[in-house]
Every structure is written in structure tokens, then in C-alpha cells.
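Two complexes come next, and they have one chain in common, chain A, joined by chain B in the first and chain C in the second.
Moving on to the complex of A and B:
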């Protein structure tokens, strides 16, 4: 297993029992797309479509890899390493 | 993969890709670019005059929290000479507005700005909870949109403001442009893309949108990197489906072509209606409360009347260019 830190904010924390930050063991050799699918199946408790469609993150949810915009890191193809911090921030909740 | 360097300073590690330009830039260059662009909008669109009192609509959410932060900062940096106030609307929704009003109060203390809270219950005699209990969840966004718009005006008048600044961002405006297009409402399509509205009509205060060209992605990242204190939750009442579709469409398009958001606004700016077919509305005062209206009663009074008489709300009141209840 690989150990990563996951952060949920901007309203997404409501989909994971209100947890904003968790240290999580995930399967080895996941891509970020794979991680998104894994989170959807294993951590999201309700309204899964607000997080992703399969491995595709819902448009309007920002993803940061170690605080860097995932668009600079290959998005879904990024290979997860132990110790990575992945943040999911919804932009879709009230302004 | 080696970390990418910022294309602007070529010194620090890039931390985001700007949606409008596709440039990869670092945090410090992002802060400057973000703040400079808002300053440019303020200057180019003549949003403020020295000495004005500005009521900033503060909901405790991301947009208004960043707006308060940036307006305060730019007002000092560029000496706009503005007197800033926070005005918050309490719709009366247990467990939703309470928490976000707490975020507003924390902002008030952090930025040391005066705060006025106006509530639906004091203005209209109804809280949103009571309205939903009465009419169900079907058209509650209509009530909320109409009531909020007027409540913000009332709060701003109360503090003696000259103008209201709102946190409507580029994504919000593009979404409203699309909605007005799909409704065939071209006067509103044009109006919603203007950085200043309500300038010349009646006694409602002018509204300005300093974030007119600012992407939601950048607002959220700015708040994230600066650790600004905002509150994010969904309205507990069902959002308006039509707006939800427009919002999702804008977000889907952004993934494929991020510039489309600002280009949608540019398209609306170039839109002209045929003067032969457009009729000018004449505005007067509501006979009941004095708020500006093109009819006898203003929309809020019409809705209030329907709440009290068990009738369905008048169709004319169901179209509002204000965002729906859930802030979208």
C-alpha cells in the first residue's frame, strides 16, 4: 500500500463525512485517475456524481498535487508517490 | 517530471496554469497578476470615484471573501479613497446561513470594516425556512433571488452607500449570459455582462462587479494559497435546475477550452438589439414599499402578497437576473 494525504474542501468534505484531511493507505502504483476512481468507490458516501464520473473528476473541482495545479503535472496520468498530498477543492458551492 | 518554472519570473516553481492565458506561473506572480487585473477592471470600467461609500455584499462564501480582501488591499495600494462597508443578507435558514454569517463576522474583524446585516424576517416578515414551509421547494429560488436583491439595496441604503460591489465572477456572468440566451431575453443578456448596472434607473443603487473578468478557478486558488477564511456549503433547498445545467455547461466547456468563459462575456458585450423592436421600460416606485419597479407593485411585494394569499406567484416575478438562492 502507498500512504498519501487527501484533502477535501469547498464543500466536498460533506461527501466524506465532513473530513477535511485524512492520511490514507491506497493501492500501489495508482495514477491520479486511478486514485479518483478509488476514492469514489471507497471514501465517498453519498452523491458520488458530485465528485467524479468514474476516473474523471467533475468539472469545477480543482485538483492540487502537493499544492501545485494538477494541470501542470499531467492530470489523471500523474503517478502517485508515497507521501503525496492531493487536494480536491470544489468551486461549485455558494459564492 | 522536473518542476516547471514560472513563465513570468523564470525563477520560482510554477504552481498553476492560468485559465485565461494558459501560462504556468508561480504563487507570487499569480498574486500580482490576479490583483493587477482586478485593478485594471476597476480603472478601465470606471467602477469607483474617490470618496465613495461602497457596500460590499458579503455572504461568507469564496467570492465575497476574496472581494473584501482584494478591495481593501487595492484601496490602500492605489489610494482609491473608498469607504468600505460589509452588508450581509440573512435569509433565515437554520444551519446554512448561521455558519456563513459567522465567516462574515470573522472577516469583519480581520479587515476591521463595519458590518450591517439585514434579514428577510425584518424586511418581509418571512424567513426562507417559513417560505419553504409554505410553498415547498419548487420556486423558492425565485423568492430568494428577488428578496436578496432588494435586501442588499436596503442594507446599502441603511449605511448610506453610493454603490454596491458584488462578487459575481466571470463564470457567473458567462452562466447568466447563456441562461438569458436560452430564454431569448436579450435586454438582460446585454445588461448582465456590464460591469456597472443600475446606473441610470430609478433610485436603486448602482452595482459594480470588480470580478467581471476574474475566473472562479483563480478566486478559489487565491483564497486557498492565501488561506482566506471562507465558508462553503450547498443551500439545503434544491437549486434551480435550469441554472444548474447552465453552470455545468460552462464548467464542461472550461475543461475543453478555458478561454470560452471570457469569450462568452465578450460576445455578450458585442451584442446589440434592434432598437425598432426593443421597448424601453419606464420605472416608477412600488405603491406599497417605494422600491423601484416597472409595475404597480415591486417583485418582492408581489411575492409577499402571494405568500399571504395562498396564490401562485405571478409569472412576471419568476424571472430574475439575480442569482438563485444557492449563490449560483
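Moving on to the complex of A and C:
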């Protein structure tokens, strides 16, 4: 197993029992796309579509790999390493 | 096309005093020197910064929780011209805990005019123009054109895309803020060649049912205050061209008031294939003018809400006047607990929609052949709850069209507004 830190904010934490930060053991050799699918199946109990369609994150969610926009790191193809911090941030629209 | 703003006077800049009058040399009139002295004392700001600021125009779109503090700081700092654009909402008492430019006395008044009055009280020399039309795709370019800097202080997805697309087309720096609950976000778009627009970061909109609003999800007043204030800081850096200032572009500030944590994350650069600020492979996809883009269907795409077929089988609020029917039924209010605790109809118990799926089996065992009556604030969640129950094999559930809003309007005007 690989141990990573998962962060949820902007309302996404409501999908994982209100937890904003989780230290989580996940299967080895996952890509980030694989991690999204794994979170969807293993951590999210209901309203899965608010998180992703399979391995595709829903629009309006920023994904960060160690505080950096995942666009700069290869998005779903990024290979997870032990100790990585992956953040899922829903954009806010209120004002 | 004529500007929706009408004839705008040319920016005069802060009044400079005549040089060498009575043997005194001064950069500005006494009043200007006194009013803005504390920012002019700043090493990187100075007289030159004040001059530049007084020759710039800033447009604040949205006169709410973000727009109030942003506009108040900008007007008090002496921005040359301030535009206020809001969709013509009037001030509601439930706005006042966060929209600090309005007062109890202005409840019911037009938000733009109410905020303008506050700004004029703070700085009577301000030049402020207002339009209570809101940002529309049709006039977006004309509305934004006369301004140097734009602040997005709106509260909805559609406006955010319209504003960003117009700023991308005109290459106007856009200071974008948002807040809900305990959280806020801030970023600056389109302020340089490499700087992305909102659409570069969010090419597709979120499904509508994932979007919360302050009216439904709630918000702690000072949280939009923090973000609106930060928007003013960014706008002042841009307007006064403060030396050495680093604007928050290609970055986003995330503020979480609940844990008191602030993070700054690094964002991608401008996308070469962005529909608004790049060159998409299919050039017909390029959005040149927001007026030609259908924002309604764009932001509605990808809805994962249960489609509401008809109101058939649903109850009018007046059905709840039948006390006997209520007594015999299992009455469930599916709003969040916080709302239920504020006010509810007697006889209803609370099972928030987010907890409903866990309770379905219990409900099924308990209900027998009783009727189930579901209610929520406006009749959307309750309809979803009915279809969840049907899927679980509970057939005798129904809900109230228009929810508690309809109950207040049709049956009981005493029921609190919140």
C-alpha cells in the first residue's frame, strides 16, 4: 500500500463525512486517475456524481498535486508516490 | 453602439494644487493630501501612486458581500472612477450581516444606490457611476470597456463566465473573488500575457446542482469580507501600479475561516486552446464577443439533478391546512438541520436529504400504509427525496410544490422568511 494525504474542500468534504484531511493507505502503483476512481468507490458513500464520473473528476473541481495545479503535472496520468498530498477543491461561486 | 453607461466624464485625476502659491510647493490640494496621506506615506506608493490611482477607473460587479467591502476600500482610497453594477436587487434584511455597505434604513432600496450613498458618505469627492442592470452577455463588452480594472463580486456561475470572457476579449485585468460558508477564494485573471482567464482554469462549468449559494448554504459574514477586502488590495496594486507588487495571478488564495488556514496554490498559465483567450483548434469555438455565446445552455449542461417531470401527484401547500391529513401522515422536512431548527411546521420531523438514504429502511418499516408528506424550502430537494423513496420501493410519498415558500405565500404569512 502507498500512503498519501487526501484533502477535500469547497464543500467536497461533505462527501467524505465532513473530513477535510485524510491520511490514507491506497493501492500501490495508482495513477491520479486511478486514485479518483478508488476514492469514488471506497470513500464516497452517496452522490458519487458530485465527485467524478468514473476516473474523470467533475467540472468545477481543482485538483492539486502537492499544492500545484495538476495541469502542470500530467493530470490523470500522474503516478502517485508515497507521501503525496492530493487536494480536491470545489470552486466557490457565492458572493 | 452607445455605451450603456451614457456619457462618462473624462478622468480628471486628483486635484493638483497650483505650484508655488504663497511660497509653498505641494503635490495635491490640502484636502487630498490629508485624506490619502497614510497610503502616500508608503514607500512604494507615494505621490505618484496616488496620481495613477486617481486616473484609473475600476468596475465592481455585484454590490453584495464581496462588492461592499471592495467598493468601500476603493472609494476611500481615491480611485478616479468607480462603477457599480448590480442586477437591480433590493437590500434585504438577511443581507446585512455581510453586505456592510448597506444599512437597516436602506432595506428595500436598490443595492447600487444604497452602496453609492455609503461610499459618498465615506468619501464625498468620489466619482461613482451605477447601473442596476447586472452584467449581461449582450452588453458585457460595452459595460466593461470604459474601465481599467474589473472586480467580479457576483454570486453565480453564468456571470463569472460572462465577465471573464469579456475581460479576456478586452484584455482587462479581472480580480475575482468568491465565498460561501466559511470558505473564500481569490484570483486575478487576464492581467498579463501569460495570465490565464477563468475559462482557462475552468473550461467546463460545474453541474448546476453542485453550486451552493449564500442564500441556501449560509455564509459567515466576515468571510466574504476577507475576500472582498483582498480584492480591493489587488485592485489597488494594479491601479496604483505599485512597484514590486506581485498580483495574485496564476495563483489562487484559498481561505478557510473555520480552521483559520490560508493557502496559496499555483495555477496553470494561459491555455493556448482556451475558447476565450486562446486559439481553439476549431476556430468557430472561439468566443469573440460574449453576446454571441449561449451562457444559459452552457451553464445548464451536465446537470445531474433528477429531472422534474410534472407536478402530478404533488401537493399544493394548501393541502397542509388539513390537520387531520397531517396527523395521519408521516411528515418529513428534508432541509438541513440548521434551517429546520430556525423554523418549521408543527408535526414535521427533520431528516435532512443528505441523511435520507441511510434512513430509508427505517422509514419503510415504520410507515406501513401511511402517507408520507415531504417538504423543503422551495420544493426542489423534496421532489428529489420523493424519487429516492420511489426507487427504494416506498410508493406512498408525496411532496409540497414550492415548499415552505409556498406555505408562507398561500397559507401562513407569519411563517418566517430567512
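The rule is short, and it goes like this: the second predicted complex is superposed on the first by the 91 of 95 C-alpha atoms of A that agree within 3 Å, B and C clash if a C-alpha of one lies under 4 Å from a C-alpha of the other, contacts with A are read in each partner's own complex, and residues count from 1 in each chain.
Here, a contact is a pair of C-beta atoms (placed from the backbone, for glycine too) under 8 Å apart; a residue touches a chain by one contact, two chains touch by 3 or more.
Model, not experiment: these values are computed from the prediction.
Partners chain B and chain C clash in the overlay (superposition on chain A). When both complexes are overlaid on chain A, the residue A:28 reaches neither chain B nor chain C. In the superposed model, A:59 lies in contact with both chain B and chain C. When the shared chain is aligned, chain B comes close enough to touch A:74, but chain C does not. By the touch criterion defined above, A:46 lies against chain C but remains apart from chain B after alignment on the C-alpha atoms of chain A. When the two structures are aligned on the shared chain, A:20 is found in touch with chain C, with no touch to chain B.
Within the superposed three-chain model, A:10 lies in touch with chain B and with chain C [touch as defined at top]. Common to the chain B and chain C contact sets on chain A are residues 9-11, 14, 58-60, 62, 64, 67-69, 71-72, 87, 89-95.
Remark: chain B residues 1, 3-4, 13-17, 24, 59, 61-64, 100, 167-169, 171-172, 216-217, 219-221, 224-225, 232-235, 247-248, 251-252, 254-255, 323, 326-328 touch chain A in the complex. Contacts from chain A toward chain C in the complex involve residues 9-11, 14, 20, 46, 49-50, 58-62, 64, 67-69, 71-72, 87, 89-95. Those residues of chain C whose C-beta lies close enough to touch chain A in the complex are 62, 64-67, 153-157, 160, 177-181, 183-185, 201-207, 210-214, 217, 219, 224, 252, 254, 256, 259, 263, 265-268, 302, 304, 354, 357.
On chain A, the positions that touch chain B within their shared complex are 9-11, 14, 58-60, 62, 64, 67-69, 71-74, 87, 89-95.
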